[in-house]
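Residue numbering begins at 1 within each chain, and the chains themselves are lettered A, B and C in the order written.
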Amino acid sequence: MSLFAFLGTLEIGLIYGLVALGVYLTFRILDFPDLTVDGSFPMGGAVAATAIVAGINPWLATILATLAGSCCGLITAFLAVRCGILHLLASILTMIAAFSINIRIMGRPNMALLGEPTIFTPFESLGFNQLHVHLGIVFLLVLLSAVFIIRLLSSDFGLGLRATGVNDRMVAAQGGNIGFYTYFGLALSNGFVGFAGALFAQSNSFADVTSGVGTIVVGLAAVILGQTLLSSSKIWVSVVAVIVGSILYRLAVAFALSSGMFGMQASDLNLITAVLVAIALVIPKMKAKLRVKSLRF
Amino acid sequence: MKGLKGITLFCVVMLLLMSAANTFAQTYKVAVSQIVEHPALDATRQGLLDGLKAKGFEDGKNLEFTYQTAQGNPAIAVQIAKQFVGEKPDVLVGIATPTAQALAASTRTIPVIFTAVTDPLSAKLVKNLTHPEGNVTGLSDLSPVAQHFDLMQELVPDLKVIGVVYNPGEANAVSQIELLKKSAKAKNIQIVEATALKSSDVQGAARIIASKVQVMYALVDNTIATAIDALVGVANQAKIPVVGGSTSFVASGAVAALGFDYYQVGVQTADYVEAVLQGKKISEIPVSFAKGSDLFLNLKAAEALGISLPDAMVKRATNLKK
Amino acid sequence: MIHLENIRITFNAGTILENKALRNVSLTVSEGQFLTIIGSNGAGKSTLLSAVSGETPISEGSVEIDGVDVSNWPVHKRARFAARVFQNPLAGTCATLSIEENMALACKRGKSRGWHLALSSKRRNFFQDRIAILGLGLEDRLGDSIGLLSGGQRQAVSLVMATLADSHILLLDEHTAALDPRMAAFILELTNTVVKEFSLTVMMVTHSMKDALASGDRTIMLHQGKIIFDVAGEERDCLDVPHLLEMFSRVRDEELADDSLLLG
């Protein structure tokens, strides 16, 4: 793998690290299997691209994209909390609706940003290497997001959020509003995913409605992979772990793409993802078994 | 802590492999990124490979031809682009819109040739068709929709209603639908459309409209291309002909198709690659539209539907399936 | 003070499974009173408690806590008036959080939760002082996940948690029933200590007639959704378990007699 490909992989891994953060919030913290991300990721890209092409400042466009992602989350939460639709189904409804909405937003399925200003252009015009600029800014934004999440989950409010996914009856007994936590958690999660979509579109100069396909699988793979390698009850470790997991996932993909290596090719990706997730799921059980054995002897 | 050790080990292994992969060869390197595997795009790639061979660039001899498919996933297309750009090939080839965009976004220096892109202007791959400014040029496969329209009228003399199934999520399909509606409006013919977001939806979508239309138009759409057999099956049940935008559809039972042989599109793409390998500047290589519209007819399918094909049409056909 | 007025709760109303869990129950628990509630399975003891906490919506009647009509309030809003300890030790705490995080959750019961760090050194000291009362050595293990504790230990922590926010009503739903006898005795003793120290108003549901008479200062017995007797003061002091059983069977017989009259 070349350095260029390695850095490029890091960048995509970091961007999808935001997706993994979102998935971590819903699947792990709220215990709410949320597939909305397949819709909110391309929506982030669609909103950012449309806004930028319309002449809106790229940073403002990115914020709009984040809010659009949050709205997707709120809709899923509304369907689940208020209408009582099973959470998985509620999120699938939002996901498929988002596909149509994304085409409406852009007016077509693919919108190009080549040559348009992005959040990266001011720094590129200073003469820095394009890839370094992208990687640097994405790294900073992901770092800020991670710090924000860690701080939030360490607050009084965050504690309520964390308990909601484990024991909602107890949270209610302690005066926590489960419905509100669900709304908030889903909006936050999908906000991050929309943010990631906006960064992806600006970094790669296009937004495409099909870019959402499989986002949830990639996010989940990152969460499981990261948390298996770095398992801890400490929040900051978990947050770092899911981002690391996302980077590792992308490195594994890059592995498969490195032409000729182990005879793998891109069409083996789905298999690799499945194997990675399966290994990550099996390792904790193996560890537990080993522990039992070492106790016995 | 054990986890950390594992990661460190992993990174070390990765770095070793990275350095090992950097081998240099005294040949031309062409890297091809394709969005998804389906017959038309695969034919394009094969045409490119054969076209290059005819020009004296042979894979394994003086040509290193690398190829990856993104499985329809734009994020993977981006990773493929980074991978390829990092390998510093002489020419990058992007088959279909998102792959070409991902390549163009990843490098400003390595020449990028796109092919099978319907609308290179709105995809922002080039700003000027005749004088591309950056490092990107290529071949558009804009489907000759107006000609398809004439073909359908020729086939069904009292044509009033045309049915079409397409994926609104595909840029290529949407621009063809727009062209089709433009032609239809001018000739006062009604278009009945049904959308299919994935190939498994095509059959159902076709069933809904099949009984209301006189002819089924199969435009050039990755989703339709994958499910062309299902579309033809529904049309046969409804006893209406399928007219296609891709000649490969005829083999699946479409009565007539006017389009590019995507293999030929690939062969034409080889001209671009050759020009770049010979050192021609991108700005001197204008974007062109794929030539050589072939007319394929399926006599057996026409007979089964009780349609007699006009003699003039049979005469000018480039391929007859009996 | 807790005031229940003509509470009626019917499950599956209008169906073949219709179950009148509470039938026109009125009850006033005055400030500082420690009420124990007994009754056989399905008598409506737990339903009575969840009518106060809000977990079970009432079909008719009204619930008033400290003079506020809370009949239509959701559980989380009522939480500011009353702390609860559940029968299942797993229900009252959050297994994946640490002991101190559980306590931080509880000390904000019924208050708005904001951006403040949940664990400050000030709070940690406060938690340490409070949990030291238990004498279980938990003050040195505040960072441990609460899931590592035994059921009894978790129940003890739940009781401490119930005192962290400044409400003065405690609802105990058979909170010793799932424990082994020794631990149950310890928790009951702890309950009495805590109630006295913080002068709490208590409603305690229990299976054990002995416990019901040994703790608190007033006892009611529920049968088929009705309060069948209500004793306090001297009358209660003279009561023992056989006595209670006798009263219970007498009431039941009367009811049977009523039923047979109806049938006849």
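FYI, a residue touches a chain if its C-beta (ideal position, glycine included) is under 8 Å from a C-beta of that chain, and two chains touch if they have at least 3 such contacts.
Model, not experiment: these values are computed from the prediction.
Visitor: Hey, which chain is the most central one here, using CA centres?
Guide: The chain sitting closest to the overall C-alpha centre is A.
Visitor: Specify the chain most distant from chain B by Cα centroid.
Guide: In terms of C-alpha centroids, the chain at the greatest distance from chain B is C.
Visitor: Distance from the CA centroid of chain A to that of chain B, rounded to the nearest Å?
Guide: So the centre of chain A lies 31 Å away from the centre of chain B.
Visitor: Would you kindly tell me how far, in whole Å, the mean C-alpha position of chain C lies from that of chain A?
Guide: Distance between chain centres: 43 Å.
Visitor: What is the distance in Å between the mean C-alpha positions of chain B and chain C?
Guide: 70
Visitor: Which chain A residues qualify as touching chain C in the complex?
Guide: Against chain C, chain A makes touches at 152, 154-160, 162-163, 166-167, 169-178, 233.
Visitor: Tell me, which parts of chain A touch chain B in their complex?
Guide: 1-9, 12, 16, 99-100, 103, 108-110, 112-116, 130, 200, 203-206, 208-211, 213-214, 218, 228-231, 244, 248, 250-251, 253-255, 257-259, 261, 265-267, 269-270
Visitor: Using the touch definition up top, name the residues of chain B that touch chain A in the complex.
Guide: 3-4, 6-7, 10, 14, 17-18, 21-22, 37, 66, 68-76, 78-83, 85-88, 97-98, 101-102, 104-106, 108, 122-125, 127, 168-171, 174-175, 197
Visitor: Once bound in the complex, which stretches of chain C touch chain A?
Guide: Touch residues, chain C against chain A: 53, 74-77, 79-80, 83-84, 86, 90-98, 101, 104-106, 108-111, 113-119, 145.
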